[in-house]
Structure formats: C-alpha cells, structure tokens
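Each of the next two complexes has subunit A plus one more chain, namely subunit B in the first and subunit C in the second.
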Partner chain A sequence: MAIFDVPTLKDFLDIPKIQEGAMAHSKPFVASPEHQQKLGFPGELVDGWEDKAIAKFGDLLGRYRSLQVYMDSCVKCGACTDKCHYFLGTGDPKNMPVARQDLMRQVYRRYFTFAGKWFPWLVGAKDMTKKVLDDWYSYFHQCSQCRRCAVYCPYGIDTAEISMAAREIMDSVGQGQKYCNEIIGKVHEKSNNLGLPAKALKATLEDLEEDIEDETGIKVRLPLDVEGADILLVTPSADFVAEPHVDGLIGYAKVFHQAGASWTISSYASEAANFAMFIGSYEQMHDIAERIRKAAQDLGVKRIVVGECGHAWRVAYNFWNTLAGPFDFLDPNYPVPMHICEYTHDLIEEGKLKFDKSANDHMTLTYHDSCNVARASRMGDKPGGQFEFPRDIIKAVCNNYVDMAADTIRESTYCCGGGGGLLTDDLMELRVKGALPRMQALKQVTENNGVTHMAAICAICKSQFAKVMPYYGFEMDGIVSIHQLVSNALIMDGQNTGEDPEEDPAPEKETDKDPKTPEISAAEGP
Partner chain B sequence: MTYTLDGATIPADEEGYLSDLSVWNKELAGLIAKDENIEMNDDHWEVVNFLRDYYEEYQIAPAIRVLTKAVKKSLGDDKGNSKYLYELFPYGPAKQACKIAGLPKPTGCI
Partner chain C sequence: MITAIYASLFYIATLILVGGVAFKVRQYALTPAPLKIAMTPAPTTTGGVVFRMFREVVFFESLFKSNKWIWLFGYIFHAALVLVLLRHLRYFTEPVWFWVGLIQPFGLYAGFAAVIGLAGLWVRRFTVERVRYISSPSDHLMLALLVAIFTSGLFMRYVERIDIVALKAFILGLLYFDWQPMPADPVLMVHLGLVITLMIIFPLSKLLHAPGVFFSPTRNQVDNPREQRHQAPWAAKMYPRASSGE
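Now for the complex of A and B:
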C-alpha cells in the first residue's frame, strides 16, 4: 500500500492551502484488454486515439445538450472551488471543480469553438495530447460524481456529468478503469458485482434464515426466484456478504415478514448497482437496467423494491423508465420503483410495525445523506422526502438521534469519499483524504453530542466508512445500515423479547438526551 | 507483479492476486503472506483452508458472516468475530486472506 499522511482532524474544517500537483500521482489501475473488450471497448489505447477521442467528444456534445451548456457557461466565479471533498482533503487545485471541468473545457475550446481553433493561446485552449489524457485519467478518477459542487454553482454546472463524459471518451479509445469495467463485466456474466453464483447466493440466504431464527425464534424467509411473488427486491450484492450491509438485508427481510409480504430476490438480477453510470455508458446502463425489467417480468411480480444503494436508486428513480421502461406491468398503486425506506416508512406511518426502541439505546445515531440519494432523487411525493424518510425511520427505532452540521447534510452532504467508481484499494489515499470533511463533521457530533454511530443507506458509503473511519480514530463498526437499526428494534409477531414493546411507533422529534459515553472518538492524530 | 518460487516465475495481478488459481500451494501462500507482513500460524491456516474449501464448493469467497461462523465453530466463541479476523489479517479478512489463499480479488461495493 502506498504510504501517505492522513489529514488531521482539527476543531473545524480548514480550507487547505493550495498544493499544486499534490495528487497528480493518483490514478487507478487501467482496465486489462480482457475487461475492456467484454464491454465492447478497445483493449488498449488505439492508434490515432487523439482524433478518435475528439470525434467521440463531438458525438457526446450532440447527444447531451447539457454537456455543451456546461462547456460554454462557466464564468469562473469561484463558487465551487472549496466545495469538493477531494479538494478539501488534498489541497490539489485540480480538484477544484472548475479546474477539473477545465481539463475538458480546454480541449473543447480547441476543437469546438471559433476562438480556440484560431487563437488557442488567447482562450486557454489545448490540443488533445498524451499529457492531457494522463491528466484526465488521473483527475476524472478523483471525482466521485457526487454533485455537491453543482448545488453551489450559480449555473448548475454538473461536474459529475462532465466526468462521466470524460470517462466515456477514455473508454472509447481504450483507456478504461479496471475497477468499474471488471465489475460491469461480472454483472453481465454472473448477474452481480461480486460474481456471486446462484448456488452461493442460495446458500448465503439460507444461512441468514438460520441466523434470524436462532436469534428471534421466528422463521423469516429470504426467498430466491419465487415466481408469482408480489415484490421483487433488488439490492446491492454487498448486502449479501459485507458488514454492516448484511445486517440491513436482515432488516428488510424482517420488515417484509412482519408486513406479511410475498417477496423474492432474483438470481438473474441479484444486483441493484449499475456501475455503467459511473463510466457514462448509456448502452451499458441500458443493458444492466434491462436485466431487472426481465427478472420482474419473468417472475411475474407486481412491484419492485430497491434496497439501500445510493447510485442504484438514482438510476432506478431517474432513468429506469427511459432505459428499460415502460414498467406498466407493475401495480400502479405503488411507486415504480419503490425504495426500501419508502416501504418501511409507509408501514411505520400505518402503525403496522412495533418497535422496542431501547434495543438501540447503546447507540447515539447520526445520519450520513448519501450523495446520489440526496442530490439526484427523491422518496415519497414531497420535495425533500429523501432527507426526511431515512431520518423518520431512524427516529422511529432509536431514542438518540442528532444531525451533523447543517452545511454537511441533506443537499449539502459530503460524499463518503468512495463514490462514483472510486471504491477501490488502488485509490486508498484519495479515499481517505476525500473522507476528511465527513469525518470532521462526525467528530463534531461525537464530541459535542455523544454520537457513537453513523447510519447510511448506500453500500458504497458503508464499505468506504468501514475502511476509512479507523484512519481517523473511529471504530470500523461505527457505520451502520438503517435497516440494521430497524432490525434491532422491530418486534415481529410471536417474537420472544421478554419486554413490552413501545406502543407508539410514530416518528419522534429529536431528543436532547444527555450525551452517552462515545464508543467511537476522534483520534489525537493519524 | 510476479512471485518467484523455486526458480519459477508465477504471475499475479497488480495487487498480488494470483492470475492462475491452480498454481497455488502452501509454499506460495507463505510467500504471499510474507509480502503482506503476515507470519502464517495455525489460526491463519484455519481461515485460509476454509476459504479454499468454500471456494471449491461455491466458486466465490464466503460472506464475512459465514467465515466468522465457521471460525467460531472450529476455534471457539471468543474467536468467532470479525475483530479476531482483523487481528489475523489486518488489511481485512476478505481481501488479504483471499490473496493468501490464492483466490481472485473480491470485487464490488465491499
């Protein structure tokens, strides 16, 4: 592993001094020819790639009007400069969103504007050279496509879309990223990001059924490939194997059980994630989304519920209908698609779930809004539902809840540092440094409010925090799934608890309880 | 990268995961472990052997939960938790132990 300095958490977040080239060395492994070709991309950098890259750029400008607008409309006001977690964590000026955009804009000007074609030196226009490509590869893999900068940009320039376009151009000339492209290949071959075969999935689910029965005395099923089930659950495959994800999956199963729902997981589409969004490939996104439609039709379900996954929810909520729709074969009385938090929230509002909130009394919770849920989707039918639903659920199942600082949550939330296809070991320095703003906000509520655990509803956020929190002196199990909290507190019919459940499951207001002894605490230093 | 064992060059990927699973043997596992700064003892072998058996059966590494349950069964209650596994394999049982066991690198949001 590369050795690097872990940023120190201070009393508040500093805007760092600029360190030119501080992260120029950071680049992920390049995809092998095998991984590239599986997705229909050239195996390696092709001859004449410069012209082909420009041709692809032109194609994208024609396909996506937004890209053209983003290239043209920046006025260099600087509002975005201190909004990116990677800039705040590294000090590298090319991690300022405007500078990241300019890596692409300089090429745009050279080939697609009058001034850049004739007077490139006057307008900062540059030829597409290997040096520029190397910069693209490095710095467009230092953007987690979280869209925080776009919230603050007065023109709404979305660096996520620019970085997706840059990655698509690089893939098209043979320079793809190993992490994303290997995973997309696995989805096509084995139906999920992990490469978990159906036999292993079945064994894993049966094992979880045993665990739940051992713990609660109730036979809770995690059904696989049940034709005629009402609900198809598509969830990130990390939910089947990783911690704390799997505790969330157990929570979904208990909620379905208590609701008396007929539901199933599909071994054909055992993955909610759609990494094709990270590489900007519409074609790949379409193929991955289409699997879910086919699974839903083959199984004859009436509803699709999406598990705790950030970007999967963005793809499902925003793009499924155009990618793989219409979903007119599903029951129109329910949202299409429906988030697992909407599902659980509805049941709580209807008073159908009983909780013993004291089961979570050993924790004081805060909530990390995942970027793709917060800034690119919604839950329920009111604006801001994606912020309220998860908080309502936490407050319905936990007595102790505190929000982090207002400028670090909801639409202003900071990325976990591992989103957008960057959750890979070869980018560990970037991931650790990019987590700085979130860790700073967590430290504040840990010290001031006794927060012990942070909940999230995204598989990437959970894995990223479990990995990077120890760098900042927090325990790796300080990150939890929302449905893990639900699972802890839920009292299923017939379940032996030895205690009386609380009668009122309605969400409560934030409590001002005495802070408890923190189980996680900020470190003295790295 | 590559490993050299008894004069033979054994190919691996950028991070040291074997390119060809079938070339794995105990000596090679010891060599990979050494690169990871791990001195293999019986407890490490218990985990590595379980991973290989599981992979043989299911063509994938087990969930952490499955691994901790298996360790609990064979090594006792006090060792059946992920904290113990992290003591054995500080960079994470899923990835580091898989590498030593000669299995492919786990991918996905993990």
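Now for the complex of A and C:
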C-alpha cells in the first residue's frame, strides 16, 4: 500500500527514540513560477536570496510581536519535545517543536542578536545558507500549525507562528509550496479552492436538492446567490463534492429548512477556507477575507454562518473582524460570524429541532476536536464552548457517544496530520505518520468501547482521515460530519418515514455494536 | 584596586542589565500583534487574562500540564531563587526591613533547594535524549554559571564565613556612591564576579524569558475578536477603513 513503513498501533503511544534525518527527505512540491507570480511572489529562488530572506525576517520581527518574543524566550526546557504528532509519528528530532523553532532561531541569533554575531558556536547560531533553507523547506512543511506545542510551553511559544513566518520568508524569496499557492490562486480566480465554477456549483446544489427530496419527500432548498436572504452560508468548497463533507452540507440545509431560515450560498464567496493563513501572508489572507465581506454586502444579508471547517473557523472567528471588518452592516443581534454548530446548538436549545436519535444507532461515535477549533476559536459565550457545542449536538442526535482519552481531546487534541497546508499527496508519508497519535486514541475506544465512527467538523480532518484511516486498518467511511449525524436524525415537518417498516425505535444496546446493522429510519414513534 | 574594579563592574553590569531589559521590554511592547492568536480556551475579559498570567507566572501552569519533572525542578529553582534574592536584600537595606529579617532562615534552605533544582534540570540535559538534542553549549554554561553562583554563596555561609559586615558596607557604599573597601576574599570575588557576569548576560540570552512571558500573545490576549475589532497600526495603514459605509 505504501512505499514507507506505516507505524503499527500498539497498546499505547510510546515516545519514539530519536532518529536523526528520518524525515529529511519529506518535501512538498515547490510552486511553479506561474503559481508564485499570481500571488505576487518571485517565480523562483532569486539572486541574493540570502540577504533578501534576512531583510524579510527583520521586517517580520518588527511587525509580529509573537515572532520577536518567541525567538527570544525559549529556554530549551524540553517540555514541548514530546507534544508534536509529527515527532511522535516519525521520531525525527527536527519535528520536536523546539527543534523546529531552532531552525529559524539559529538564523535569528546569527543576524539579530549580540551573542549570535560574536559567539555563534556558543548559542548554535548559523548563517543563512542553502542547507538551512532546505531544512526550512522540509521541516516547516512538517508542521501543521496545530498549536499543540504552544499549550504546553511555559511561555506559550507558538510554533505555528514561527512556521508561518518561515513560509512567508520562503515565499518572498521565491521558494513557495505548490499545494497552498496554487489553491490560493484558484480562490482569487475561481472563487474557491477547487476551482468549481458557479455553473457547476449550481448544478451540484440542485442535484443535492433532488437527493434530499428523494430521500425525505421534502423540498429542501440549497439556494445560490439569493439577494436579500437573511443568512450567508460560507462553507469549505469540499462540502460541495467530497465525502463525508457533502453529507454535512445536506445537514446544514435541513437545519436551515426546518428553522424556516432564509439563507443562501454565494458563488463569489464559495469558499470558507483561507489557505493564506498557512503561508503566513497577511495580505493574501486579507484579500480572501474581503471576498466574504463583498459577498455579504452584495447580497445584502444580515448574518454570516460558517460551515464545518477548522482553520476556516479560526480565520473567521479570530481574523475576519481584523481583516475585513467592521461588519457593522450586519444584524448586531448575532455574532459575526456564527459557526453552523452555534446555529444548530441554539435551535436545539430552543427546542426547535426534533430528532429520532435511533437513526444513528448503527454507530457508536467519538469526536475528534479539530486543532484550530479547539485551540484557536470559541463557540458561544463561554471559554471552552468549542468543546461542548459539538459534543452537545452529537449527544442530542445520537445515543452512543464515547470520548477518546483525555490527553488526546479538547485543548490537548492531536492534529489529524493533514492540517496547515499539508493535505497533499506529495506529503503522504508525513500525513500517515502524523496521524499516529490520533489513530492510537481511536483504536483504544474502538477496542474498549465499541466505537465505530469518529465525527469531526473540519473539511481537512475529514479528507485526511478518509485517506489515512485505511492505512491503520479502519474503514475510510469511519469519519463522519457532525451535521451528517444531525441530518440522519432530524425529523423535518412532513417528512417521509422512509421505506423501512416501522420498528420499535428504542435502542437495543446489544445490536448497536454491529456496524452493519441496517439503518433504522423510523421517523416517528410508534 | 579590587574595590575599584568590582565597583565599576557592578555599575556597568547594572547599566547593561537595566538598559538591556528596558530596551527589550520596549521592543516587545512597541511591536504590534496584528492578529488575535490567544490560545483558547482563553479568558474573555482583561481580568481573566490577568488571572491566567498570574497562574502562569506564579505556578507555571502550562509547564505543570506538560511535564511534571521539569515543573518540579524548575519550580524548586525559581521559588528558591526568589527567596534567596529577597534574603539578599539584607545587604542592601539599613536598617534591614522587618520582613526581610523574617525570611532569613527560609532563604538559607532555599540556597540548597536551588542547587537541587538546577541539578535536576542539568541531569535531564544529559539523560533525556530529546533534551540532550536541543541543548547547546550556552544552555550548559548557563546552568554551570547558576550552580557556581549558588554553591559559592553557600560556601561562604557554611564553610568559610566571610566578613559580612564589611561586605554590607561595600554594597551600601556602591548604592550611595561612597565606596568602601570590598573584603578581599577569593570566594566572595568569585561569587560577585559570576553575579556580574549573569547580570550582563541576562538581556542578551534566553533569560529574556522572564520579561518575554508577559508579552506572549497566546497567553496575554483577551478572547473577544468578534466583539472588538483588533488591528495593528501597520495593517490599518495598509487597509484603511474607518467604518463599513458602502
């Protein structure tokens, strides 16, 4: 199946022995001149790139307090060394967060500190050379910017900030990453990461409407570019085409329908993802965020709701107001933006949604906290709402729910292994190995608690898991969207009860364990 | 002669320490944090952030979550360091402040505790493969310096007591620019020489973690991005827009 060794799942996760250079060969494809230039970056490594890189570094140090403080503050305590899923999965010491930071810090010290200028050997300072650049390119593309290390660092040193800065410097001297930069170019040109044109999008949405009607007998709309709608839904474009994402999109549509909401998708802002965050470019991130503002203004909506996506929610929640605000043209009675889980959660609390939980009885669920939702956002008014809302929703629509081990969820959650702009086939080995800690935790609840499916609210997590779970012996459809679960259980007014003869919907624990138990779609009680 | 050398070095070291730290603090304070990057769950109020920072600085909360051994040794060392520094205030105050008198006995034990904490941290630099990998010569030297400062201090207290009356006169003389002879004790000269070195190194090294922690955006930001627009001056200049008018 693979040209590399897939790690084996043991009974629990070991901290690996150091294997120097184990992942030195892992590098994503370099962006072509065409992809670079579209974003205003030099096409290829420029002459005198060393000096230009240092100048850019200096510029960033003056613009980002995080970078300046984090370059200075690390005491090499080692607390973060066993916290990164890529280190745990590969054993490559440069995947220890502090060692990854040091790739940049060695250059910082050499050019920007007294000690590094005069005593480089003492503090491990290094000149900016091609060798250093190669290390940067390799290992700053082995960081999914998940921020797990920053939870555990006594000074909150956030390796994500450092890897974003490193990527920005590399872009500025002409060595960008193909996957991210190509996608960002597509958003500017075609409105979404997939390059899905408006026409195709319209056809896709219409197909989905038909599917829903076939299944439920109800005309649930997935409106596109409706001026004067109340709500603009901005969702990752993967939701339009990929599995299991699209089942989540159907779930949002059903929830909007049942709530009687007037809503629309925009073909101009048909993408919630903002890959510019991954390359650390404020300018690119701004331009993509502005598209959403423009769509909201052009359509005259009152609210913006964001679909299931991790980094997109980070950008939306934490950065939109900064980048594209103020949003004072929207209805001030609602948070801007609102997460689809906040939207559904509110409706559940208000008792506006009716569920038949037994519709999900063929599954025992667990929930994967996506790193950007967990560690870089919130839902609701209270800190930690980002952990509770998704779980509350799952528990409202499913009978069988089990959490994974405490040190692998909530703020301690492990990245899926494909975040931060690494969800590309040229990094398959890294993705598979980086998923190890999550797979280990999943295995434990699978064996001990009979978990059959893992839910997530991130387009990247869903794609990544669908791809890597088979390497570890799990089914690829073991990953589900939360709104897919909502969709299964939601009873819309006037909905068909399905073809199955009505059965007693009371859950029978014994049969729940069998994942092949046919789906019971008894919509109403006996 | 010795007095003159040490006295001038103390002044220079103080200038470097104070000036250097002030420079870095100013730099940290003036460098904008253009984006909200609070590590969530984060407090939603300023009061909450102060409390979070308090727990971080006083209890090393994140480190505790992270690694109990590093926390233990690190905490012992830092707590002991604070006590020892406070104990040393008796050389700088005349009459000795009341509470400084009270903590004297604790300060004494703290000297040993600090060495134990440092030893624990140093042992980890050798025995834990991952920590060995990330340690550079400066990390070892820093520990060596601190251990030497503490052991020379303890030596003067427990093995060969020095003339602390004369020492105090020397120190007060430095404070009031009225130089008094420094006791010519070799251990004392080593002790003070190393302290001077530490003061000079402080603003040039990883010891900047002390002021740095207060400026860490993942820890000191309020989680309110939807409620309050946050914009760095350079970003506001690049993308001016006062309000949303069409």
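By definition in this document, the second predicted complex is superposed on the first by the 495 of 526 C-alpha atoms of A that agree within 3 Å, B and C clash if a C-alpha of one lies under 4 Å from a C-alpha of the other, contacts with A are read in each partner's own complex, and residues count from 1 in each chain.
One rule holds in what follows: a residue touches a chain if its C-beta (ideal position, glycine included) is under 8 Å from a C-beta of that chain, and two chains touch if they have at least 3 such contacts.
Note that this is a predicted model, so its numbers are computed, not measured.
S.K.: Following the overlay on subunit A, give me a clash-or-fit verdict for subunit B and subunit C.
M.R.: When both complexes are placed onto subunit A, subunit B and subunit C end up side by side without any clash.
S.K.: In the superposed arrangement, does A:194 touch subunit B (first), subunit C (second), both or neither?
M.R.: First partner only.
S.K.: With the two structures laid over each other on chain A, which partner does A:204 touch: subunit B (first), subunit C (second), both, or neither?
M.R.: After superposing on A, A:204 lies in contact with subunit B but is clear of subunit C.
S.K.: Once the shared chain is lined up, is A:365 touching subunit B (first), subunit C (second), both, or neither of them?
M.R.: Neither subunit B nor subunit C is touched by A:365.
S.K.: For the overlaid complexes, name the partner, subunit B or subunit C, with more touching residues on subunit A.
M.R.: In the superposed model, C touches more residues of subunit A.
S.K.: Could you look at A:295 and tell me whether it touches subunit B, subunit C, both or neither (first, second, both, neither)?
M.R.: So A:295 meets neither subunit B nor subunit C here.
S.K.: Tell me which partner A:113 touches in the superposition: subunit B (first), subunit C (second), both or neither.
M.R.: Second partner only, subunit C.
S.K.: I'd like to know which partner A:150 touches here: subunit B for first, subunit C for second, both or neither.
M.R.: second
S.K.: What is the minimum C-alpha distance, in Å, between subunit B and subunit C after the two complexes are superposed on chain A?
M.R.: Minimum C-alpha separation, subunit B to subunit C, in the superposed model is 23 Å.
S.K.: Which bits of subunit A are touching subunit B when the two form their complex?
M.R.: 1, 29, 178-179, 182-183, 186, 192-197, 199-200, 203-204, 207-208, 211, 236-238, 240-243, 246, 273, 309, 423, 425-426, 459-460, 462-463, 467, 476
S.K.: Considering the complex alone, what residue numbers of subunit C touch subunit A?
M.R.: Interface residues on the subunit C side: 24, 27-28, 31-44, 56, 60, 62-63, 65-67, 70, 74, 121, 124, 128-131, 133-139, 141, 204-206, 208-209, 212-213, 215-219, 223, 225-226, 228-232, 234-235, 238-239, 241, 243-244, 246.
S.K.: Where on subunit A does subunit C make contact in their complex?
M.R.: 15, 17-18, 61-66, 68-70, 72-83, 93, 96, 98-99, 102, 113-115, 121-124, 147, 150-158, 161, 282-283, 286, 297, 317-319, 321-323, 325-329, 335-337, 374-378, 381-384, 386-387, 411
S.K.: Across the complex, what residues on subunit B touch subunit A?
M.R.: Subunit B reaches subunit A through residues 14-15, 58-60, 62-66, 69, 82, 86, 91-92, 94-95, 104, 106-110.
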